[in-house]
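Same chain, two partners: chain A is paired with chain B first, then with chain C.
Take a look at the complex of A and B:
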């Protein structure tokens, strides 16, 4: 199995130093977890390879650095290189971290290479037939299992296992190869990007009543006005009954599999 | 045999035979050390200083246990004297001089008394900290040699050599003596041979020169292998030093992790390094690692030492607080902490196998210069409302105040505010680096991440080179140790003073005029990195005495104080144990009945203040002094 991990030029959120974004470090761990036989390569397109040594230290044995002038779109070059090495799985972070990255490169690549993209993945495993079993985060702890076959782009969610420790010795052993790649001829994306300063906005609570008392609004915000309020109230129940109720509820909201199916 | 040769020849011959056997056994052992990495050793200097190192430095440690000291003086002195005197009797004039044999008999007699003292520690009940195994037969071997020797020498002195009685006595001496010589390879007597060589070729000769040679040795980051994976990665004189271990167990009594039931026993760790080197080493017979994990895994010079399936479990390695209590107590001058850090360096630098909870702080240290990933500019937030001058605004300054990681901590901010107010009160010309101060990298270095430490050290040294100051003052002994002792290897030479030493200076110069607080009962807890690593135990006590508090000492204090559990990355590694180290320390503080535990280190403050159900208050020395100064107005 061939895996490519896309590496961006992120910055540390506090110090502003060029660092490997945490999501990509998690992606490297995810790639390493897919078996010893996997051939993993990091891929970075950009003007310099300063922060790439860190990705080597996270366990990537080899990184291909495609020299792209500052300010140029890295997507055509990445698309050309990915088309040449045909990885079975392309891993990327799900958003940018402070640098020049847009967070849109995985999507642009999926379109350029015409392969599917599965976003926000927290766990990846290989099943017996060689298909990828991906657990996709739907937010608030809910997961959806996706089974895909063939080349796919997967973006990593922050809830994926934490990055492994950086090892200086691995960074020293790994190699960064700088390649000159002729960019693929891609239709110029008509993506209209507007830049404006970030403005924090209040979180909009779905279905929140505009009026009413503060207590009612709180009830609505915490979900007690909705599905939760229709729950059954048991007072000092038998432990067996309580356990049964909890199991039934967990099955109802999809955290546990229905009882009839065998456990995975 | 006596019929062929006179006893006056056979008896000295026996001692020469013992010496030859001991030499052979010693050389067989020494062959193993040759697998170690090369090390430069000042042989002539070491040999010349051996007697002093033994009689002064080793004795200083041994004498802490008065019984062991007397026992060793009698038995080792007797053994050496009787053996040398007997060996010299190979010269006919001495052999024929009967009063000489009285002298020999006297020496053997002393040895016999010493042997009984050795035996009394092990029979009928062995002292808990001692190892059994081959050590249990040592008193018998000694006694056989001593009694056999005494009788033989007395027979010769009375001119009654030969006969059945003489043969039996000689056979007894031979059994004991040859047994002792045989034990030089695997048994108890190895400590004598390896110990003497270790004193000559000690990897830290500075510790015998009266200065605290405690800085970790810098690692060459271009070396083919970083740190130690297997016994062969240690330098040969380190392998030799582990063989010097006499399994006395003083280290395990001192070890805070052992006391807390974490899976570390310094004696077993050293013995695992010994057994890891030699597959034929007899089984370990001392107290196990708490948790009782059996030794497993391959052995040999090229066998992996650390791993869940190897001789030393990673949890053992990460339990160490690097407090150096074991090193301080070791009569054989073994450097346990160096071994731990060397093994950690391999785990961290080559394998990235840091404990899970330590990954984030070390990553943040590397990426942002602070283990909490906090903005460097907010380090001075604790001083909101105080006038804290930045060194960047000053041409030159007398004191550069190094704030350290504690500045981010709300509790420790109180101590630093007290210190800043005292400096103001005394009119000290001081400034801070502000946002330019990065962590010293102490945490990374103790956890084996030498690369991050060196990067931080270079950045800090470059920052400090921009400014002109007379000295650095810090309230953090960990920062003090790094700046004073470890930065010189990277080109940063500074005069570094602990805040307690500066405060004492200011009191003595009359710049601070504290009132007296006789109502406070205080016990002072020595920080490891100040007391043991830097030998500074007096200044904080003198400050406390100057403010007239009622001061009592804990049983373990000064250079022999017990760790609070906050060093060496132990809080972030967080290896589970049966108890918590700070709880044990606070219980010791409670024994003194003092209402206040005075501290002088941000780690100690945090660890001791985190103890639940504590009866005593935790106050930094600076806080107490400020209270006294305010009372004196």
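Take a look at the complex of A and C:
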């Protein structure tokens, strides 16, 4: 099985120094977990390969670096290289880190290579018949188990298992090869955005009445306006009554399934 | 900034008491006009706290009194005009703003409402908001939808086919802007549609206004802005819901059919979160034990019976009675649960920090003055050891009742 892991040029969100994004390190771990026989290669398109050495230490034996001028779209070059190596599984992060963070690269590649994409995957395993069993996160620990056959692009979700530990020896043994690839001809679409320093904006206060006063917004924000203000206090009730009240409350807010209607 | 100018003569005239004797008399405490906010009257409040017995003055300070007397009764607020709920109708919109909500299970999520609110801000007075739903969906008019386009829901998980359907609808609708929620499913769909239509997508917008959209980039060190693009996704909790009057949500016809897409997905099954193994930080409902509990076996049974995730306070984790990964609080796990059920926990600040994000709290504690009781939406002051068996009994009775009936 051939696996390609897409590595972007990540920047640390605080220091701005080049780092391997955590999501992509998790993707490397996911690839490494798919068996010893898998042939794993990292793929990066960009002007330089400086930050990639870290990915070698995370468990990638080989990385292919495709030289692309700074500011150019990496998708045509990546598509051309992926079409040449035809991997069975392509792993990417759900969003890159330090750039536009739009998460569009894997989708554009899926389109260019005409292969399906499964998003936000937390675990991958090989099936007995060679199909891939992917666990997709639905939030709050719920999963969707998707079984796919054939080449597929998978994006990795932050709830996936933590990355492998960095190993110096592996980083020394690994290789980064720089290739020159003729990019595939793809239509490009870009937005002309204007940039300025980030400004934090107040979060909207949920539960505050629209057009209410500052006092009402404060109440909603501190929780006094919500459940706590209308809070019920039971002092030394009968245990049975207390239990009944608690169950009724839990059902009212919807965390406990209602007792199934007795079938008649 | 111009403030209303005071008119002392008029204020004085408003305080004048009509026809009492030869002299004009004024009641200064009466509020004739103003902001309409009730004004505190400390004297009257104090008077209301006074309790019986004329021998000595006695006050009950714990009793928070209703203010009495005419002096502090609020001038009635502009009385809520009880007019019939009016529906706003945009007959011939200048343009359309389309929204593709997630609408899990046929109901708009909070995030969906925010996206429709954002679309309303883009549409303004002339435009109309068209919501594209699959299957039935309720409450669209109240959320701010002028038009509604219903597709037949498809079974099974096939995101590529869903994206193809939405692309076909968008091609026939000719909307000026299309907004998606930046959620797991919505963000996925938006990217598929953008790549399918070969149009750029403005992702994760935190500000949506007719002037332009703004999104964070480069690890929130810069923000990028743009005049409203055709396709955009809206970040959660960034834009307020629509708060105006009901809109009509008129059904639009949809002709044309979606192309069939070959799929390589063999099967897709939903695995609900297992409360016993889900990480505490993701859990939906946490039942937590504190130092007030001595019978942890019963506690574990209660957790299992309620289908909840177990938690504990630091005291129990330190003494080894509960595993360390169940610790809730500043040095444990900060919860994002919908409901937190605390049994025998005092609610130390370090513990409450972990619960700050929980919407609902239920507390059982013997101490009326525990901080947890104050934080709780339902507080029960009694022995948790007695409540737990009662809960188990009640749940078992319900289960047995079903078993007998079916």
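Here is the rule we go by: the second predicted complex is superposed on the first by the 184 of 264 C-alpha atoms of A that agree within 3 Å, B and C clash if a C-alpha of one lies under 4 Å from a C-alpha of the other, contacts with A are read in each partner's own complex, and residues count from 1 in each chain.
Everything that follows uses one rule, which is that a contact is a pair of C-beta atoms (placed from the backbone, for glycine too) under 8 Å apart; a residue touches a chain by one contact, two chains touch by 3 or more.
Predicted model, so just to flag it, every value in this text is computed and none were measured.
Within the superposed three-chain model, A:147 lies in touch with chain C and out of touch with chain B [touch as defined at top]. Touch criterion met: A:169 reaches chain B, while chain C stays clear of it.
Judged by the touch definition given at the top, the superposed model places A:59 against chain B, while chain C stays out of reach.
Here chain B and chain C are compared by how many residues of chain A each touches, and C touches more. By the document's definition of touching, of the two partners only chain C reaches A:259; chain B does not.
Judged by the touch definition given at the top, the superposed model places A:14 against both chain B and chain C. Counting contacts by the rule stated earlier, residues 12, 14 of chain A appear in both its interface with chain B and its interface with chain C. Every residue of chain A that touches chain C in the complex is listed here, in rising order: 11-14, 16, 97-104, 107-108, 110-111, 116-117, 119-120, 131, 135, 137-150, 152, 159, 187, 189-199, 201, 203-204, 206, 210-211, 226-228, 230-237, 239-240, 242-247, 249-250, 253-257, 259-260, 262-264.
Those residues of chain A whose C-beta lies close enough to touch chain B in the complex are 12, 14-15, 17, 19, 57-59, 162-170, 172.
Against chain A, the residues of chain C that register as touching in their complex are 110, 114, 157, 159-160, 184, 187-188, 191-192, 194-196, 198-204, 206-207, 216-226, 229, 237-241, 243, 263-274, 278-279, 282-285, 306-308, 338-339, 341, 359-362, 364, 368, 373-382, 386-387, 389-391, 393-395, 398, 401-402, 404-406. Residues 221, 226, 348-354, 356, 358-360, 362-363, 366-369, 373-376, 449-452 of chain B are the ones that touch chain A when the two sit in their complex.
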